Amino acid sequence: MYSLFVRQHFMIAHSFTGEIFGPAQKLHGATYVVDVEFRRPELDGDGLVVDIGLASEVLGGLLGELNYRNLDEAPEFAGRNTTTEFLAKAIFDRMAAAIERGALGAGASGLTEMKVTLKESHVAGASYEAALGA
Amino acid sequence: MYSLFVRQHFMIAHSFTGEIFGPAQKLHGATYVVDVEFRRPELDGDGLVVDIGLASEVLGGLLGELNYRNLDEAPEFAGRNTTTEFLAKAIFDRMAAAIERGALGAGASGLTEMKVTLKESHVAGASYEAALGA
Amino acid sequence: MYSLFVRQHFMIAHSFTGEIFGPAQKLHGATYVVDVEFRRPELDGDGLVVDIGLASEVLGGLLGELNYRNLDEAPEFAGRNTTTEFLAKAIFDRMAAAIERGALGAGASGLTEMKVTLKESHVAGASYEAALGA
Amino acid sequence: MYSLFVRQHFMIAHSFTGEIFGPAQKLHGATYVVDVEFRRPELDGDGLVVDIGLASEVLGGLLGELNYRNLDEAPEFAGRNTTTEFLAKAIFDRMAAAIERGALGAGASGLTEMKVTLKESHVAGASYEAALGA
Amino acid sequence: MYSLFVRQHFMIAHSFTGEIFGPAQKLHGATYVVDVEFRRPELDGDGLVVDIGLASEVLGGLLGELNYRNLDEAPEFAGRNTTTEFLAKAIFDRMAAAIERGALGAGASGLTEMKVTLKESHVAGASYEAALGA
Amino acid sequence: MYSLFVRQHFMIAHSFTGEIFGPAQKLHGATYVVDVEFRRPELDGDGLVVDIGLASEVLGGLLGELNYRNLDEAPEFAGRNTTTEFLAKAIFDRMAAAIERGALGAGASGLTEMKVTLKESHVAGASYEAALGA
């Protein structure tokens, strides 16, 4: 299996609901450093997993929709705790849809799996991975 | 599949038995930077893989039992080479037992896999991963 | 010149005032990974720059006063843009005061300089450094 | 499953063929930081995945054949785009052959999987992984 | 003294002249991860060392002039070994000129020192630092 | 001022004397990742701060004298606490002597300052820096 990753980041405010979150129930924030890893069993005709420049640009665009926001006021996340693991899935879904609509080029149709990892600090992070195109 | 990781470290002395170890047969030591990655197919009701604060605290406690020790004198490792890969499994087993006895909270019963990685320097490391609750 | 550093982090929400900040004028947030570097020309009698465990604990305590907060509502920063560079100085001042009141032990009286660095992502950060005890 | 990784690097010049590569169609270059991860279900009699010193030395040797070269003139890559993902596979194949011929010692016959990751910068990289000995 | 850094990278081919360079006399290449650190004794009226977004954008533009090139054919470096330390100074000079012509905004006139660091791998790098506006 | 750094590591056992060290009074160990930074105001005739390959090789040799040892039994450190900051100075002195005796080549006579940094984990480290040739 081949894979390729690109890295970008975004910075948001949010708070969590539930006693388990302790002081993180208060409004605070985070920088998330995001790695998206694209996987496929064979390279395309150009010798690529995916166009790395395009992948980075599309990721930047997707994160731009979240960047510099208070996620507590984001309608798309209403009633949800925007934990690191939840956001990993949210970004996975956006990138999967971008691949589906051809934003990563025709060659990206060969992608079979994807993993999104968010580091929230030098000591913690979370990820979501799944098959594509199911 | 979702995952979440937390990072801690510990510092020990040890030596190895066997010609293959060369100069590492002498008493020396290491700093191990430990990542424990917890995995599950679905998030719990709070939107979590596991309580990140609790996971970090429990890991700190487990590593505290090894930290600042000469592993050559640790009864639990008698007759074993405490290589990086061996220690990855030893920490996996301790964390799996902690999950089993409820130390990571009731929600942690949904965890299905775990991976423990030890970096021994900027250029080498080892890990052990397996299913949980088998 | 000797130096020693310890690392901790904190997570906050804030917004900035001024057109130069563009989208960062909106409420957002950041994880700051903080390095505090202590300097002195000679080691103390124990062979130390400063007690590393105590330094890390005191830094954790200072950052705990900022962690999980919306800095826009922090009275101590009223009317100020809590930029990365501004926060580096704010943490410098708190640590300098801690040294002054003996929180880092008697040996810390030999410290002559300090530098506080905040990384806000994998691609940006800021710092403040100055002599101590002036 | 146990794993162990070692890290080395190499520095090459190359260019790519195909409009998708944009400015990278011109002769340029890269530093690749290479992690090779060896995997096996059980440790050998010494408590090892593989002899870490030997693994690092063999990897250094394999990369030495690529280091300080213009890959556009490498006969073994004629007519191929030496992308990061392509090179990950090329190094995988060389290491698999080295294991096969016993260069990593007799114990290495227990290895069942391998993964080769190349980071080309702080924000991008690629990898190839597969079963061994098929 | 306050400082702020931004990070970008570029990828080039080159060769060196002189026996001391050994195999690096052959055409090869490198990824350089570049940190530019801007320094000043006091923050500007917005609480900034420099506009971080603008600084990153200007650095990206400067590196774009070097990126994806064979430096052996760059007229501006004719007859020079484009070592890591030499390139650190070359980027310093370009950024100093950019500050001089106002590319980093009016506030950047308060900058007094700058440091440019290039990492060529995970184990080596070089830098150049000097006062500004001399 | 120009600088160049190279990175290597070593792994030792030791213990500390003095109540301030708490549990670190027991025999334990550490991996130290060592950066040596060489500085000079002007480059030599080849465009170098110092021969990077030679510098890395000499550093490897110096650390080889400490690697895989119990420093409590090292005659050269008898009666001293081999703290991270103490070891930074010890390596500085060895490298300064190596420069003095010409081990880094004739060009290294132009070096004017040096800094040695030891990271003992992902969250702590120490350094020693001074002028050379005084």
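We just call them A, B, C, D, E and F in the order they show up, numbering each chain from 1.
Methods note: a contact is a pair of C-beta atoms (placed from the backbone, for glycine too) under 8 Å apart; a residue touches a chain by one contact, two chains touch by 3 or more.
Treat the numbers as computed from the prediction; the structure is a model and nothing was measured.
Matching B-D against the pairs in D-E, A-B or B-F identifies A-B as its interface repeat (over half of contact pairs the same by residue number).
Comparing the chain pairs C-F and B-F, the larger number of C-beta pairs in contact belongs to B-F.
The geometric centre of chain A is 30 Å away from that of chain C, both derived from CA atoms. Distance between chain centres (mean CA atoms), chain E to chain F: 27 Å.
Distance from the chain A centre to the chain F centre is 41 Å, each centre being the mean of its Cα atoms. Counting partner chains per residue, chain C shows two or more touched chains at residues 7, 122-123.
Across the complex, chain B is touched by residues 1-8, 43, 46-49, 51-53, 56, 105, 107 of chain D. Contacts from chain D toward chain A in the complex involve residues 16, 18, 20-22, 80-86, 88-89, 122-130. In the complex of the two chains, the chain C residues touching chain A come out as 7, 9, 11-14, 23-24, 26-33, 67-70, 120-123.
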